[in-house]
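What follows is a structure written as structure tokens; I'll ask about it next.
Chain naming follows the written order as A, B and C, and within any one chain the residues start at number 1.
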Amino acid sequence: MANNIQTAHRATAVPMKLNEAGSIAVSGPKRVTGGTPDDSNRVILELDAVDVFYGDFHAVDSVTIPIREKEITALIGPSGCGKSSVLRSINRMNDLIDTARVEGSIRYHGVDLYGPTVDPVEVRRRIGMVFQKPNPFPKSIYENVSFGPKIAKYGGNMDDLVEESLRRAALWDEVKDKLEQSAYALSGGQQQRLCIARAIATSPDVVLMDEPASSLDPIATLRIEELMFDLKQQYTIVIVTHNMQQAARVSDRTAFFSVDVSGGQRTGHLVEFSKTTELFTNPRESQTEDYITGRFG
Amino acid sequence: MTAATKRREEETKRQVERAIGRSGIDWTSVWFSGALVVLLLTTLSILLVLIADILMKAWPTFQERGITFVTDGLSLNPATAGVFTAIVGSVMIATIVAVISFPIGIAAAVWLEEYAPNNRFTQFVDTTVRNLAGVPSIVYGLLGLAIFVPLVRALGLGGSSDGKNVLAAGITMAVLVLPIVVITAAEAVRAVPYSIREAGFGVGATQWEVIRSHVVPSALPGILTGTVLTLARAIGETAPLLVIGVATGYFAPAGDATLADQITGPYTALPVVVFSWSRQTQAEFANTLAPAAIIVLLAVLFILNGAAIWLRNRTEKKW
Amino acid sequence: MTPTLTIEALAGDPKRRRKERRVRTLFASAGMVSIAVSILIMVALIGEAWAFISQVELASLFTFGWFPRRGFYDIPTLIVATTLIAGIGMIVAVPLGLGTASYLAEYASPRARRWLKPTIELLAGVPSVVLGFWALTFISPEFVQRLFSAAPPFTMMAAGLGVGVLITPLVATVSEDAMRAVPIDLRLASYGLGANRSVTVRKVVVPAALSGIVASLILALSRAIGETMIVFMAAGAVGGALRTANPLEPGQTMTAAIAALATGSDQVAGEGLAFQSLFFVGLLLFLITLVLNSVSNRFVRKYRERY
């Protein structure tokens, strides 16, 4: 496994230097840092003036973010500023909330995800999701991974697909002998990697992660971060995080949100979106600077 | 330290001791707790006396007749009368109840919890179910008498009983327990954590796939517990059967009848024999046979309740 | 991974969407069954009840007693007996049920609770026909007739006591749930102020759980009014009853009146309107319990919302 990661790093020749944000101490054997994103990467998801409402409550105001292929895009900001709301509107998980409503447009490969003929189920098969708390099904490890492909009528060899997904999620070596055991017997960190394996088993091209490491200990967190770095070779990742060091370490680009308290409503909005290195070393907005230096939030 | 300071300290210490030490007995508290214990013990002893009294009255029957009391059918002779006919009737009714009320009730619960939008109409349906659960059982008997008995007759299934058969009884009982099935199943479905559904939707499952593969399997022990208890309720009910014309007297033993005859002909059920024997003029029926039938009925119900508790304990593993 | 995506690719499999719609419709129609049942009940009751009320001589609804086969339909007879028996039941069940609930919720150790609660539930599972038999063969001779030597074997007193035994576990379990729903913080606050357990139960827990307790009592009252078998078996007066409020006499409640008339000879028979009168009484019963249950549900919702 450790080999895997090193090869991956070598293969992409990720520069291992610390940027200025590296003053934030990173513990653990390896330091992963945000790559130098290439502006020639294709934009595959365009959030264009996205508003999210819950009933009458205006949760998020006019967010515009282009998300590029095979990059990690981080959404950061204080609690309640609408990071999860934006993330969940990308794969239409918000449809499951009765009161939720999304305005503006989200284009995926140029197709409006909220178009009248779009089936949200189809969207979620292409844009997978990993949740804040590990939420494996109360079933075996194998069934957890195979459920998605099974309902998508996957035609290939399921055993191979399960193995492949678990390998990519860096979990195979730990569970290969107990695939039939309950997923609930795994540790929190293992469960979260299982959820990642489950998400990638349907071969999505975007994976959304909502604070995927917030309920894990530092070591498990580090493994997830390494894993994301690996996954970036294949997938486009959008991650919500509370942890600025994490955003600085793993993401290529960062969107910083804030929340306005006006007229009794707490409406979130995008303050700044740029390359992670820029955002952390040379923020354009003073609000961003206050937040990342800990003077706010 | 002067003697005066010392005295003052001693005095303070005594005062504190008096304040926080056990200051005699708080009689209100004693009375109250005592009363609670007495009330609890009264409730428990009622159950105890009830069971002991009936067991004692039933004992001679089981002593003399042994298992034949369970294997013998109806008879006008107290020495040979048994509960077999009644058990057959109860089992047939319970089967019909299960076939009708379980699928409809569980589906209704799933609709209420998973599909129904959160609006006025859904609330109305929910309230309707709750109100139906509180309708006295005898009113369901009237419903059966006015609608289901004629329905069975109209369908040509009246047989020798003219519609007063287990079909009408089963439908009536199924409708009676339906709200209970819905309420208990809905509770079980509601207890499934939302994160499981999210996980399902997150990998691109449709609503039905999430329900079928994750929600219902997770809720199944709870649903089964509810359905088993529901069966117990259906087996113990008497009043609606009386209204829809269950036989309260003797009728030809079912031994030589075909299954079709049994289904469309006159019938009786366990609680009904308890009732009808208790008003027979021959003393043996009321004094020893009815209590013995009660023991059989209670045994059946205890087994069902035990099954329900076993199922409930199996639920307590996950999440 | 498709390099370019078309809108068609996201439209989803039409077959799957059709299936999804079918399943949804199926489940929704199961949900509608409860509405259908309510309508059926109304239709069944109101039709015959209307036939009764439009044909009966109004004077015969207020006479001296309930003798439907002879054309005397004194509704007050049934109402008085119903109230009396339900009242006796409540007098038994309120202290026993609430005492048991308070003990279970506040005093019992978790271990004791583990077997006490199922025992109470066991009592709740005893069918009413069994309690009817017991009221007639035990409560009446061993209790009522011992206390009041003049009492006949069939009395409303014996039936009322039997009904009390029936609804005690209902009061106990529903109230206990309400008491246990009171947040532990409230109790800790009370203990923190130096209150002991008895004061905490009486002054903090019971008031906080009040709406749930009231719900349990109304529910129990509704059940007592709707109970048939105990009254039918133990209160006598199967052929009809005189109007009386003396608990040591036989009597007939609304439920027992229906059962007696329907069971008479395996056949609802008698003077012209007897059959229809069943449904009129049934409708009354339905409406009374409906009101009680609605009120009770409202109280339950109140405490569910609170905590």
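Note that in this section contacts are C-beta pairs under 8 Å (C-beta built on N, C-alpha and C of every residue); 3 or more make two chains touch, one makes a residue touch a chain.
The model shown is predicted, which means the values in this text are computed figures rather than measured ones.
Student: When A-B is set beside B-C, which has more C-beta pairs in contact?
Tutor: Contact tally favours B-C.
Student: If I average the CA coordinates per chain, which chain comes out farthest from chain C?
Tutor: Result for max centroid distance from chain C is chain A.
Student: Averaging only over C-alpha atoms, locate the centres of chain A and chain C and give their separation in whole Å.
Tutor: Taking the average C-alpha coordinate of chain A and of chain C, the gap between them is 54 Å.
Student: Could you put a whole-Å number on the gap between the CA centroids of chain A and chain B?
Tutor: 49
Student: Centre to centre, by mean C-alpha position, how many angstrom separate chain B and chain C?
Tutor: Here the centre of chain C sits 14 Å away from the centre of chain B.
Student: Could you tell me which residues belong to chain B and also touch two or more other chains?
Tutor: 206, in rising order.
Student: Hunt down the residues of chain C that sit against at least two other chains at once, touch-wise.
Tutor: Residues 16.
Student: I need the residues of chain A touching at least two other chains; which ones are they?
Tutor: Each of 121-122, 126 in chain A touches at least two other chains.
Student: Quick check: in the complex, which residue numbers of chain B touch chain C?
Tutor: My answer: residues 26, 28-29, 32-33, 35-40, 42-44, 46-47, 49-50, 53-54, 57, 103-105, 107-108, 110-112, 114-116, 125, 127-143, 145-147, 164, 175, 178-179, 182, 206-208, 232, 236-239, 242-243, 245, 247-249, 271-272, 274-275, 278-279, 286, 290-291, 294, 297-298, 301-302, 305, 309.
Student: Contact residues on chain B for chain A in the complex?
Tutor: Counting only chain B, the residues touching chain A are 117-118, 193, 195-206, 209, 213-214, 218, 318-319.
Student: Can you name the residues of chain A that touch chain C in the complex?
Tutor: So the residues of chain A touching chain C come out as 108-113, 115, 117-119, 121-123, 126, 203, 205.
Student: If you look only at chain C, which of its residues touch chain A in the complex?
Tutor: Residue positions touching the partner: 1-2, 4-7, 9-12, 16-17.
Student: Can you list the residues on chain A that touch chain B in the complex?
Tutor: Listed in rising order, the residues are 91, 93, 96, 98, 121-122, 124-126, 128-131, 133, 135-138, 147-148, 151-152, 184, 195, 198-199, 201-202.
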